[in-house]
Amino acid sequence: MGYIAARGGTAAILNAEVLVEHYRSRGGTPPLTLDQIQHQLRHAVGRAMHEGALYAPHLAALAVKQAEGDSIEASFLLRAYRATLPRVMATLPAHGRLMQCARRISAAFRDIPGGQLLGPSTDYQIRLLRATLARESDDDIARIATLVEGFAATHADGGIGHFPKVVDHLRAHQMVVPVPTATDATEPFDITRQALQFPCPRSARLQALAQADTGSLLTYAYSSVRGYGDAHPTLAELRYGHLPIAVAHPVDGSAVWIGELEATECETVSKAHSVRAGDAAPRFHLGYGFTYGQGEVKAISMAILDSVLNQVRSGGLSGESGPAADEEFVLLHSDGIEASGFTAHYKLPHYVTFEADLQVLERAKRHAATNAGGRLGRALAAAFANAAADEEDGDA
Amino acid sequence: MHELHYTYGLIDEDSKREVRRALLKAVALPGHQVPFASRDLPIARGWGTGGLQITLALIAPEDVLKVIDQGDDESVNAVNLRRLIAQTTGVSLTAVTADATVIQTRHRIPEERLRADQILVLQVPMVDPLRWVEPNLERATVMHGEADYGRMWVYMYESVVRAGDLRIATQYPVIVADRYLMDTTPIPRWDVPKLHQADALFLFGAGREKRIYAVPPHTSVAPLEFEDVPFRVEYTPGQRCARCGCGDSFLTSHAVSDADGATRWVTTCSDTSFCAARQAVP
Amino acid sequence: MKSIPTWVLRVDGLTRRFGVGCPRCTDSVGPAHERSQCPWCATVHACTAASFTLARGEVLGIVGESGSGKSTLLQMLNLTSPADAGAIWYREPTDPAAPPIDLLRLDRYAMRQFRNDRLGIVHQRPELGLEMRFSVGGNVAEKLLLARWRNVAAIRERAASLMHQTELPVERIDDAPPTFSGGMLQRVQIARALASRPALLLLDEVTSGLDLSVQARVLDLIRRIQWEQQVTMVLVSHDLGVIKQLARRTIVMKHGHIVEAGLTDQILEDPQHPYTQLLVSSAL
């Protein structure tokens, strides 16, 4: 036989699965525990959760382990698992102002009600490799804990962590363009239940952005501020902490608190350029970003994109638009799981399509020989040569 | 943590019902793209999730399933999809086209004429031929609504002018029931005529693009073509399958090694079940 | 004496505004108030109650400065902009017995068919009317393909003939528009617009931005086509010289209103409305 070189068959697929397990474990190191991953690789876990669109830290740690640290693969595993779960109900809108903040900064005002709280951040860290981390011991970890207990002792002040929102202040002074926001009564569009169609409601946009690939959002947002766009964002507020979640009581409708999420929330304002007919006065455009975990770059990128798209929608964009101003372009190409799946599908056999391509290529070659030097156009022109003499084109 | 258990056909019943509703609408409007939510599945987007959702939504315990990729039952992806469907439904499997009630396929339509009691489910990567001339969905939706296919026709005209022929190898665009422009998926042109006035039902699922469409039995399917540059299927006179010897099926090329180690190229039927049946006839 | 020409188009009270409007709009906008945007609700009244009739083979000029509503009016005639009120009655010139239809009452599908078959438009900017990725021949062919021409040789023959008529080099039929000059692209647009033998040809500032000598050639071409084929045309221009050369009748627009209408010669020689007087005096 030997006619079909790449006949996969079940055996090959099963063997490939075993080999993957082997490559993961062949280093001879002790197996990683999920607790270790969840607590020591918290950004990998957070990214798997926000791109996988499922808040489940322990399962996300499992996904990171199974994916051997590949963030798209880990989020894909979570996303596929999510699809098997029934959607029981929608929570009540979660209000960022109720977040128990571990970190909260504003770039718009130096002094904000409640003050700035740097919290856990590498922003001002000198990025030098710390060789001591390579030999970290239990004692080292204990020493860090003692240091932090010291902070708490000096800064303890009762209502720690709850802050008013900067954007609420701007809203109160009519400085921002109102955007459609969910009320307790309206259930947001759910792109897992309905295909995304355009034009789409803002809730669909926010959901799509919230589960998008971090790198994709970063690219689009960066392009819109660097030179292929007209975005001029100011970070009104970035906060990270624990956000309480409630559902409506099935009988009396009152809020029942069911737990909390570790989340990052970002709000940007960007200068309003022009006023469209029917608008009152120039105002800032809002942008909103949200991720599970401490996904600050994604939350900021999302907020910038939301604000650009809000501007486009309200006709307020006057400068260069760029790809980030095209809602379809951004939303349809930023889902990491869809994009990676389709890009990877080129690994599948394409024998049939390639055979068909080969035949078309052959015919195109023959035609190119026939039409060398625009012969066909000239032949057609010759048919009109006897008609009124072709005068020289004055404006050619 | 306990082992995870899944429902019959993997997807929950509500989601399957949604797929079936979309299918009914698609059959009622031949060639029209019907949006559906499209669940995330444990196989990657772009690897047949649309076809898989249709198959899982339709398949009943008494069905007999065939899955092919490039016409081949043993191609890796066909094996993998069949494994998933079999594990979650327990339906009977076959490689024999005539025995199957549901056939899921990528890039081919079986050579044998399908019967009225058979359903062919095609996996769709790209959904809309208008994407070549209008990538924006909002505008393309309006173009379909108004049957505004002028630019698509110019695309075909330009293909003739630049390449001397209709320079489209696969995903050949067709007009269904004299109304909607439709993508035939990356089947070769050889397979396109099989869609026209067929006895079987053709269902098309695009998981990543979240659209379903259909060609019901006995529906007109007309490839875009010109009177003087007609649509033609691939055919090389004299070329035959190296295994069954037939000259009337779609052939693909393969490198084989001779006994002396030299490599040469041969052509064989891409539809392996059809080829096996031909070989069995003395 | 010729018999009274039958009308092709009767426009009745055509109105378009951008914004929601308010009770004070009516008394706040229009030529008398020197503005088309309502100061109270910011609604722009782009075109208010435009009415006129167009006879078969007639050329109607629409003149006014930018923002006067002439382009909005043309877009409504092209069925690419919706109207808030009014009607566009159309009588098929090849079938005088057919009852008139209100084009604005057609559904979107029928509207698209009508635009494909019976309308031709030439835009000020060629990139609005031409697909730059396609060849010039392909751009002309689109109108024929929409009319169900399905023979490439016949399509190319007709496209070549249209190019010849519009004084374009036929041997460049397969070249892309960006390789043509501005004046040539306007003629490509005209060739394309004429391909389906439209009942109505719409011309939007077709010579703006062209050199004077090129302008003259394009205008000559339009005049010759009108003379030879008796095409009914609506010609929008801010240039009275262009209007004078081509249009038999003219309407003058200001702040969304028609302030004067009549024979072009009469309007130019004896303008009645102060605004027209200003236009005429500044042009001379």
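The letters A, B and C name the chains in turn, as written, and every chain counts its residues from 1.
Basically, a residue touches a chain if its C-beta (ideal position, glycine included) is under 8 Å from a C-beta of that chain, and two chains touch if they have at least 3 such contacts.
No experiment lies behind these values; they were computed from the predicted model shown.
Asker: Pick one for the touching-chains graph, please: line, ring, star, complete, other.
Answerer: If you draw each chain as a dot and join those that touch, every dot ends up joined to every other.
Asker: With chain centres set to the mean of the C-alpha atoms, which chain is at the far end from subunit B?
Answerer: Ranked by distance of C-alpha centres from subunit B, the top chain is C.
Asker: I'd like the Å distance between the centres of subunit A and subunit B, where a centre is the mean of that chain's Cα atoms.
Answerer: A distance of 32 Å separates the two centres.
Asker: Averaging only over C-alpha atoms, locate the centres of subunit B and subunit C and give their separation in whole Å.
Answerer: Chain centres of subunit B and subunit C, defined by C-alpha means, are spaced 46 Å apart.
Asker: Residues of subunit A that contact two or more other chains, please.
Answerer: 376
Asker: Using the touch rule from the top of the page, what residues of subunit B touch 2 or more other chains?
Answerer: 161-162
Asker: Would you give the residues of subunit C that are in contact with at least 2 other chains, written as numbers and ranges?
Answerer: In subunit C, residues 174 touch at least two other chains, as defined above.
Asker: What residues on subunit C touch subunit A, complex-wise?
Answerer: Against subunit A, subunit C makes touches at 18-20, 37, 41-44, 156-157, 160-161, 164, 167, 169-175, 181-184, 210-211, 213-214, 217.
Asker: Within the complex, which stretch of subunit B touches subunit C?
Answerer: 142, 145-148, 150-151, 153-155, 157-158, 160-162, 225-229
Asker: Quick one: in the complex, what on subunit C touches subunit B?
Answerer: Per the stated touch rule, the residues are 108-109, 111-112, 116, 131, 134-135, 137-139, 141-143, 145-146, 150-153, 155, 174.
Asker: Touching subunit C in the complex: which residues of subunit A?
Answerer: That would be residues 277-280, 374, 376-378, 380-381, 383-384, 387-388, 390-391, 393-396 of subunit A.
Asker: Could you pull out which subunit B residues touch subunit A in their complex?
Answerer: Contact set of subunit B toward subunit A: 1, 4, 6, 10-12, 35-42, 44-47, 49, 69-72, 74-77, 79-80, 83, 106-108, 125, 136-138, 141, 161-165, 167-170, 186-190, 208, 210-211, 234, 236, 242-243, 250-257, 266, 268, 270, 272.
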